[in-house]
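Below are structures written as structure tokens.
Across the two complexes that follow, subunit A remains constant while its partner is subunit B and subsequently subunit C.
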Partner chain A sequence: MEQGIKSFNLMDKIKGNPIVRKITNSRFYKKYEWKAIIYILPVLIVLAVLNFYPIAYTIYISFTNFNEVHFYRFVLVGFSNYAYVLSTSNLYTIIENTLVWSFGSTAVMVPAGFMLALIMNQRGLRGKYLYRSMFLFPWAFPAFITILVWSNMLAYNGGVINEIINVFGFRSIAWLTSPKYAMISLILVNFWLSFPYYTFVYTSAVQSIPSELYEAAEMDGYGSFKTLTGVTLPLLRRQIAFVTIFGFIFTWNNFYVPFLLTSGGPGISTQILITYSYLEAFSYDNFSLAAAYSVFSILILLVFVIIANHYSKMMQVVY
Partner chain B sequence: MSQLELQNVVRKFDDKRGVFGIDLKIEDHEFFVILGPSGCGKTTTLRMVAGLEKVDSGKIFLDDQEITDFPPRMRNIAMVFQNYALYPFLTVRKNIQFPLKILKMSRKDMDDKTEEIAKILGIQDLLEQKPGEISGGQRQRVALARALVREPKMFLMDEPLSNLDAKLRTQMRVELKRIQKQFGTTTLYVTHDQVEATTLADRAMVMRNGRIEQMGPPMEIYNRPENRFVATFVGDPPMNMIPAHLYESGGKAKLKIENMEMDIPGLQLDAGFNLDVIAGIRPEDVRVEDNGLKSKLVVKQNIGRAEYQYFELNDGTSFIRQIYSDENLQEGDFINIMPNIEKLILFEDNEGRAIYYYGMNRLKKVLLTEGVRSNND
Partner chain C sequence: MQSVEINKNEIGYKQENYEMFKRNNYYKRVRLVKRIVSHIVLIIFSIFAIFPIYYVFITSLNPIGSLGDATLKDLLPTAKASLYNYYSIIFRHPFLLWLRNTLFLTTTSTLIGLALAIISGLAFSRFRIPAKHALLYTLLILTLFPFTMLVIPFYFMFAELHLLNTFIGLIIPYSAFSLIYATYLIKTYVDNIPKDYEEAAQMDGLSRRGALFRILVPMAKPVIIFSLIIAFMGPYTDYALAGQFLTSPGKYTMAIGMYYISQGTITVNYGVYSAFAVLMGIPIFIVFFVFQKYLVSGFSLSTYK
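What follows is the complex of A and B.
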């Protein structure tokens, strides 16, 4: 009977195997926490296949002449793609656009989300849950439909926004077709699409503040504004820093709003690095050039992230 | 300094929860404790005084000025919270100065004041540390310092010691009392811990279900509880409650518990009087006597300075006795126990109100209960 149980215990059998035992007794095996690594492994594999390899390949083809002409036989061409990109004036316009787009969007959607979170978490506000669900709508709605609706509303002829402007006696504005206003329209639409997300992120942050911290401030004579600057903001500075950096990175790489709303137009006035490298790759079949643009994008973003991370780390204090 | 007065203050959350009419007057320099189980409305009362909770009806006066609808900052009252409510991003110094910052005080004045208070509380070495880096007891001192530094008219304390471990709590209790005496600030203190109430309070108030059960000096509450709730809530281990029978026989008042009878000297009862009562006996007021109640020792608990003995009477009523000497009794042993007549309290059976304390020659007049009213007074 005992024998029978033993033979069915697979784990014991594996552990008892002389080869397995030799491995498990080795110093190399004992040095690491192998169980923990095994759990991480699937994610690492997926990341390697879907992320690390494409990034490496992108960097590789940015040094080749891989394009429509040399589709099957491309060779390394050194830095000539980068030299070309740097020599065109496009790059500087596009970088400028990307900066305006990212900073502009972050500057409106992150503070707006924060303020809405504060407003929705007011003490004594009834129906918080109802408002919260309502605020989620713009975000939960399929973005391409939202963008379509906005593009109709922003249309020069017959667009609702221009109709309203006309009522007040102003002339119609070419929201999407003039270089002056196209980027503003983009940021506006992106703001509409993304503020619920930031509201939600901040809602949980604001709710995590114990109420007696507010009550203590109230008893000490702090008004709403003083409480905001003296209690809420300092308490949430880590979260605010994190969400701002995260929002900035996300917006930098946010493809679908500019692509669907203006397709980078008019001209390249709303072209950002990510949409432009897409254009180079799939409209002009200039893959190596597109790769070079991507690498530029990553490098610039990396600089920002390192700076931001540095400063936000400085803001972190031991609690 | 200041007096606080509450006149029929009501705050209703629903039919059961809230505060239903509190009348209260706290004198200048007084340390007043509100004691009660959780959900009794003690914290709500405190928050109404602070201005953090709305008052449905009734009035609150501070120094003869009505403050019922004043916002918290207009009241000049400082509060110490259960979780200290320290700002984790500020140093201890900045935390203490937090109430002063709003007063537009000069930096030097603030620092002088902070250091003075810190010295009194023994936290002068911690001023540059963050709350996260200091211990619970030290945090408690910082919270106290923040309340003291404002020189408020009054202190409110909401279970300030409940987050400390037992040893520290005892220590801080002494400290609190000392500081309150030193500054002489009128203090309203809320707790569910009856030891805190008896040790700290000049006067205390026991609350239940949003109403006042009893108010007075803590030892008076301990020795002369007005009803069964107060009697069992104040005191640890709680007062024993044993069903008994009070009757008149041959011109004497007698009390019968199971098959034991005892005289109650001095008490005059009408001829033929008899009433079911509850005898309240403190665990420390029990002695062994041959003609006492036969009881079986079920469990012994030694807490070092004393021993708790849990007995069971014939009818299953449990009974706790506290002794300070070693008696060498074994669990399962039978002994005869006898309550000390000088500490006996009788409660009427229905509502549980006290009708007799030792030394009274008549039963206390208690309304509502038919049996008592018809038989005496």
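What follows is the complex of A and C.
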């Protein structure tokens, strides 16, 4: 009882304090609802502990000699990890692979998804829901499983793709084990995995355009191509940019497709920055080099995103 | 004189009519061609989409010793087709143990992540939180960072806390990732719901908080279900984290089991392997199929912003 009164007095004292009163009466303080921070506290904790700290830690160990040999006693070594990475020819091959992989995948899956969304959005098209259910299969089956299924389908001996090719009289192709075809196979599998996602996203975007606009376009005698370039594309400009750029980022950081299909092989012909970083860390225990590769990856990606955002203003979709 | 003029008009009218008829006919033909092309494209893509699933399903029914033994004949159900492979994977291999581990991990982390995400997503959308835009940009920019940048520090962090090879050590990062992702999704969806509903509820005597959670949570059902599916999918198929964290076979999840089977560390028949793939995929597939309509409405990329 007494304690309750005491604390009540204490709160009163704090609130009566001239400095506190000055702060609470300021316009800056009144602009925000400070108590609402409690609701987003979990997000803040997660950001601090499980995102910012690890990222800072990765940047830190990229400047040390943290590896199997110096596991317990590692010291700062400055930029020597970066100098080493830049001096190896591997880095340039890997960056080239990463670029081919990300641009190649985005260039096929985004237009295909948009095209399918437009086709499925035609008025009075029969069997729309049947097709939509079919497209659900690659998305709904966990990618982890289907990538492994694809790796069996593309196998040189007994793989069903080669069996079918043989029926038509062509010789078997080493889809996953020759440097020539390995990247094409990766992009093909990634295309299979992701085109349904883009179809669904773009269907959602296309459906958000009011039908009156299409009716008006039809009254003005617009053909379907002119409707596309005159109505749909300008209206969805930012949405398309947003989805494309985030698709690019996701592909850049996509780990499972290269890791499970070829694990970077043959040689390093399908090794991308992120799989190589994982390999350095957990196969060779070279944690500082792995961190340096991660930092390279994020720096290059950041440049791309800043340029893309500058031209497309896609971040405006967010608000 | 007059009658001639009328006649001329009539001829003109008829000609126009004929031209319109011709043009209409042309449009009809174009439309028909368009329809046929559309259907052909959609059918090709449907076959492409469904073939690998069909392939794994059909090989799970046929008795195939190894991948090298597989032939084109296995693409159709043979006389020897049976459910023996399913019997084998369930009762001869630790499938049920892996399933239990996976379900425990996924449901706990999804529920924790989603419950927190609903609260923070609504708060982000409706309260005037200091530095809100900076925080939202941060959430987006964090998607740029490759997860290898996180896995390595996580490994040492959790080693220090003695959480490696425990389920708690995985539930924490799993629920954290789904929290971030779902917060963002829920926030963008709730932004599109007009504020009138809560204001009306507040008029009827609900507190601000009560109005928010009792009115908006049911209204945000599509996006909550959508994020639930996405959040469930991550831990269910995670290998990169679980494969490094869990070392004792008693704690393996289905994804780890699947990886070791495919790499040949655990040897099984090819048919058994396919049966495993089907059994692991089916639950997620059913969930997707049942909640299909929320997959489109869950994205809220509205045009006018």
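Criterion: the second predicted complex is superposed on the first by the 274 of 319 C-alpha atoms of A that agree within 3 Å, B and C clash if a C-alpha of one lies under 4 Å from a C-alpha of the other, contacts with A are read in each partner's own complex, and residues count from 1 in each chain.
Heads up, the rule we're going with is that a residue touches a chain if its C-beta (ideal position, glycine included) is under 8 Å from a C-beta of that chain, and two chains touch if they have at least 3 such contacts.
All values reported here derive from a predicted model rather than from experimental measurement.
Of the two partner chains placed by superposition, A:80 touches none, neither subunit B nor subunit C. By the touch criterion defined above, A:200 lies against subunit C but remains apart from subunit B after alignment on the C-alpha atoms of chain A. Of the two partner chains, both subunit B and subunit C are touched by A:235. Shared-chain residue A:172: touches no atom of subunit B or subunit C. In the superposed pair of complexes, A:58 makes contact with subunit C only, with no contact to subunit B.
In the superposition on chain A, contact is made by A:281 with subunit C only, not with subunit B. After overlaying the two complexes on the shared chain, residue contacts for A:159 are found with subunit C alone; subunit B is out of touch. Of the two partners subunit B and subunit C, it is C that touches the larger number of subunit A residues. The intersection of subunit A residues touching subunit B with those touching subunit C, taken from the two complexes, comprises 235, 317-319. Within the complex formed with subunit C, the subunit A residues making contact are 31-34, 36-37, 39-40, 42-44, 46-47, 50-51, 53-55, 57-58, 61, 115-116, 119-120, 122, 125, 127, 131-146, 148-153, 155, 157-160, 163-164, 167, 192, 195-196, 200-201, 203-205, 207-209, 224, 235-236, 238-239, 242-243, 246, 249-250, 252-253, 255-256, 259-260, 273-274, 277-278, 281-282, 287, 290-291, 294-295, 297-298, 301-302, 305, 315-319. Contact residues on subunit B toward subunit A in their complex (touch as defined above): 50-52, 71-73, 75, 77-79, 81-83, 85, 87-90, 98-99, 101-103, 130, 132-133, 146, 150.
On the subunit A side of its complex with subunit B, the touching residues are 210, 212-213, 215-223, 226, 230-231, 234-235, 237, 317-319.
In the complex of the two chains, the subunit C residues touching subunit A come out as 34-35, 38-39, 41-42, 45-46, 48-50, 52-53, 55-56, 66-72, 75, 116, 119-120, 122-124, 127-130, 133, 135-140, 142-154, 156-157, 172-173, 176, 179-180, 183, 188, 233, 236-237, 239-240, 244, 255, 258-259, 262, 270, 274, 277, 280-281, 284-285, 287-289, 292, 295-297, 299-303, 305.
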